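As written, the chains take the letters A, B, C and D, and residue 1 is the first residue of each chain.
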Amino acid sequence: MAGAHASNGRVVIERIESTVLRGNRAGDPHLRRVPVYLPPSYDSDAARRYPVAYLLTGFMGRGRMLLNDGAWSPSIDDRMDALVARGACDEMILVMPDCLSRYGGSQYLNSSATGRYQDHLVEELVPLIDARYRTLAERRHRGVMGKSSGGYGALVLGMRQPRVFGAVACHSGDLYFDYAYRGDVPKFCAAVQRAGGVEAWLAAFEAKLQKQHDDFTVLNILAMAASYSPNSEAEPFGIDFPCDFETGAFQDEVWQRWLEHDPLRMLEHHAEALRSLGLLYLDCGVRDEWQLHLGARMFERRLMELGIAHEYEEFDDGHLNVGYRYDVSLPKMARALTPRG
Amino acid sequence: MAGAHASNGRVVIERIESTVLRGNRAGDPHLRRVPVYLPPSYDSDAARRYPVAYLLTGFMGRGRMLLNDGAWSPSIDDRMDALVARGACDEMILVMPDCLSRYGGSQYLNSSATGRYQDHLVEELVPLIDARYRTLAERRHRGVMGKSSGGYGALVLGMRQPRVFGAVACHSGDLYFDYAYRGDVPKFCAAVQRAGGVEAWLAAFEAKLQKQHDDFTVLNILAMAASYSPNSEAEPFGIDFPCDFETGAFQDEVWQRWLEHDPLRMLEHHAEALRSLGLLYLDCGVRDEWQLHLGARMFERRLMELGIAHEYEEFDDGHLNVGYRYDVSLPKMARALTPRG
Amino acid sequence: MAGAHASNGRVVIERIESTVLRGNRAGDPHLRRVPVYLPPSYDSDAARRYPVAYLLTGFMGRGRMLLNDGAWSPSIDDRMDALVARGACDEMILVMPDCLSRYGGSQYLNSSATGRYQDHLVEELVPLIDARYRTLAERRHRGVMGKSSGGYGALVLGMRQPRVFGAVACHSGDLYFDYAYRGDVPKFCAAVQRAGGVEAWLAAFEAKLQKQHDDFTVLNILAMAASYSPNSEAEPFGIDFPCDFETGAFQDEVWQRWLEHDPLRMLEHHAEALRSLGLLYLDCGVRDEWQLHLGARMFERRLMELGIAHEYEEFDDGHLNVGYRYDVSLPKMARALTPRG
Amino acid sequence: MAGAHASNGRVVIERIESTVLRGNRAGDPHLRRVPVYLPPSYDSDAARRYPVAYLLTGFMGRGRMLLNDGAWSPSIDDRMDALVARGACDEMILVMPDCLSRYGGSQYLNSSATGRYQDHLVEELVPLIDARYRTLAERRHRGVMGKSSGGYGALVLGMRQPRVFGAVACHSGDLYFDYAYRGDVPKFCAAVQRAGGVEAWLAAFEAKLQKQHDDFTVLNILAMAASYSPNSEAEPFGIDFPCDFETGAFQDEVWQRWLEHDPLRMLEHHAEALRSLGLLYLDCGVRDEWQLHLGARMFERRLMELGIAHEYEEFDDGHLNVGYRYDVSLPKMARALTPRG
């Protein structure tokens, strides 16, 4: 950023042309802008290499939003600069991927309905960053973290991609789908019925100059279906839904496919990956509006039972407006990724 | 009511001492006040006998609340007087039972956790009314109707007590529990955990001078558990809950017991009872906040498949503040119950 | 009420045919139903005479609503019975006038736009009650009390009718109109402009099966204008409004007429009346949504400066759902009105 | 921004060290970051000079927030790029000043309580931009525009600084203070009383990790007082308030000082300035939550009476989430500022 203080980091907006996202079924762009935060000493200390943390945004987000400024909620670069300036956090590079889809998200998964976002991250973005920046290009110096859907993504990448990521921080991540999403399925079903089908609902949503709060509940279930129960045969979106719009009935067989993506279910098969992490940090607010703290507690209980090292923290608030928790996780992440000795 | 117009009905508050409710586990009174509306001609036409409709209130209600007056929402007696006065409704007696429990309701069921409310209605209240008033004391002249939990109660009584009730009207009744209640189980679980258990939660709730909106969501699940999954062994309330407060996990085996009380499941075994009704009326708002219209549509679809005569109506509004629909159902009920000849 | 316990009071619904309300400009009925609560000993102790408290409801209320039953908010008769039963309150008669107008209220004032409600109370209702019931028919045994608009009415009647009422209790009364109402004038103006005029707005409001929350803000200003700035020349309603619907501008000259009805302004001219009261009780919630506690504090401060005896109490809540405060004021009122000796 | 498409503009963040803001009483920084958007051809067409529009954010905003990205609400640079790309808007430079104060804003005025923000804009920022960029550095090629408090600022600068700005666009600007703010004074007064004074309220507000919605209503009145009724003698903030925290009473003499800053009052004395503008555009939503459209209509009516050329548009929505209206105003502004010939 032009004119940045010597003691501040700077942000570069990378433009990445994805091969794996090209021609994705949702019709989303394969050109993406990815902000990269370079820490204060990056330009002056030309020999130094830095650990990298990938920051995944929540639902309806993309990397650029982490740069959004608020009167009392600093952008991630300002936040990081402040942490570094007061000696609370080691320097590291932050990468802010864009995995947004037409449906508001991708859960950072591969899906025939949205796109191969996990592959995009692991096969395209990580190598590009390591090629263009002076990174410490090893798993133990590379972490992934995020909030809500981004917390989910971080946890899942930590389980499935242990060769890529060596540290995970998950803020208020989507856990225990029976609580996190299931209660919104009837609202989704009712709204879609009222609109006359998913196609009509989505067209009306996209045409609205001002989206309404209730719309996002519907969109959320739509995005989760696109992520967890894609079906390339299903017209027009390639998505199976957890309810039958004709009868209104809940579709248990679709739901079972969702559950396979629930970190609580995945945990057992990925215990070794989790055990190998340099940092496994989770938190949640005990007034989470989707009761995600109940899932977080179950996850934590299972980690304890399996003897997997981790840190777990609860806050006395809800799901939204919790950017201040990065002040907790960024230092932990930096410490875990920074070479010792 | 003293000084009532000659052309108006009057309300008598019956006090009934229940035997079956005595010593109920919830500690609720066995003395109940039951308003009885006597139609305009009741006092002047001393030889005439009248059909009777039992009006069941929704959650957190008891019969007296049907008499509550609002600037733009008349009490049930005023509403009935107006309907009769303009010739829109035949005269009938209205009985307003009190099946309220400490938990906000009983679903008009027998439960070891609340009390034998179904027995109270059928074995105690109906005979008492027939004894004290000039009723047409036959099934075909006796109906049951209600809203929300009261609509549920009416439907269930119509299925289980065909020898007692010959007509049913169900406004926005609790149907398809997978949608109606399940989404609130996590909220219930979280609130109870925060309070330190059901006992602590209930004590705090009862001590509050001003109950809060969110409290009622929690209380609702508590009341449904008391109604659908009582367990006389369980301390201190004799209730099994659909979640484990220790782990937070959903309890599927308890949930299966709830589902046995879902009218959508009961329907198959009570098709004959439903077929025998003189009136089977259902309605719902298509913006119902608990999406009960989805269940209503499923129920209606099944009625059609089984060839059971019924009337079904949808309104373009939600779950609350729908007293105006009595202007639709009371005339239908009166017509169905009134002897032709 | 039929079947009341020997130890309970009973409620009689008086029907009163008002002369002064006949032909009122708002077109409201001159026949009114007025519930009268007779205390437990009234029927058994045929020689005894009782003090009387007139209970005035808030905006959009009429006397009958004080009988409304709630699962955790008892009707006024149940509340009074409970107070008497536990020895907390002397027996007295409670009278619940109906001064509701088409606009949701009358502020218990005389107005050419609504009707002569103050005259109705003082000249018609009080004599009728004293004639029909065994009252202690003297000022020092007759009190007036109420909540919100009813608290306003009680305070104004205490100031203007000292020969009639000897005790006043005012819960969250309308005080300091600059705060209580003025902030809602723009909302009123905007809503009326959108509707195309007051006539159109009112017609649309009255036609709605379900009134909306925002409607009541508009209706409130309409009712206050009808009460405070009537103008028999103004068509069609006989009301001057505090804003010009054409330009939208605030009308200060109309506002000044409102202010003449502000108890804070009236206080100076009625200090003697207030000083003569056997009880002058005021309260307010410190989170009052209309900030009426600010006005209450100013009123109290002025009472102190003038050396007028009074009791003032604050509660840590808001404007609504505060029926529990009758448990405070009814005993005080009964004590003040009961003959000592 | 690194990696921008050839066809896109780019954003430079200017860091400006203000002399006039140094040592301001509110303690806010005199170093400010000011984003500057340079249009697509800026780098390739090195001889070309461009008109400049100053974009003023609303309450609690600063220039950087105009760059905030949303899934369905593009940042101002993306929005401008898209307008230019589809030929809807001439190229121009956009400057996004930072006039945020501790209180959430400055109304772009000089005030001894906040700072000399108007001077900062006119005397410091405009010259700096003209010095560093290839601007058309004349009044007729320099415009000012904004939303809410920024719309207010644009209008006031258009009136007071006609030698600097030759075009104005005001979206939902603060107009007619009697409606815009006055209704929130009681809420402000009550909140400050509850907190134990302004100092305590502000300290508590600043300490909160998560600001609450109601806080902003209070902060808004605080900021307006700092902007409209500063008093360098008043401790500790140098602000006079429109209410007395001791008695709660409204302070009319302070309010009169506010009104001097109401554009509706200022209009008469600045008619010539307004008449000289190349563009005077105003809009408002007819469901504005602060009823600002009532003030906008009054302003427009007065413009008509005075024969001042202008454009006025209404939208069927409210005050928030109206960024889409920049798609209307940016092209108008660019057209007005672009040299013809």
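Quick note on the criterion: a residue touches a chain if its C-beta (ideal position, glycine included) is under 8 Å from a C-beta of that chain, and two chains touch if they have at least 3 such contacts.
Bear in mind the structure is a predicted one, so any value in this text is a computation, not a measurement.
Chain geometry summary: the mean Cα position of chain B and that of chain C are 35 Å apart.
In terms of their C-alpha centroids, the spacing between chain C and chain D amounts to 46 Å.
The residues of chain B never reach two or more other chains; the list is empty.
Interchain contacts close the chains into one ring where each touches exactly two others, per the touch definition above. Counting only pairs that meet the touch rule, the chains in contact are A-B, A-D, B-C, C-D.
Those residues of chain A that touch chain D in the shared complex are 1-5, 12-15, 33, 60-62, 64-65, 67-72, 75, 100, 104, 209-211, 317, 321-322, 324. Residue ranges of chain C in contact with chain D, taken from their complex: 176, 178-179, 182-187, 189-190, 193-194, 247-250, 286-288, 290-291, 293-295, 297-298, 301.
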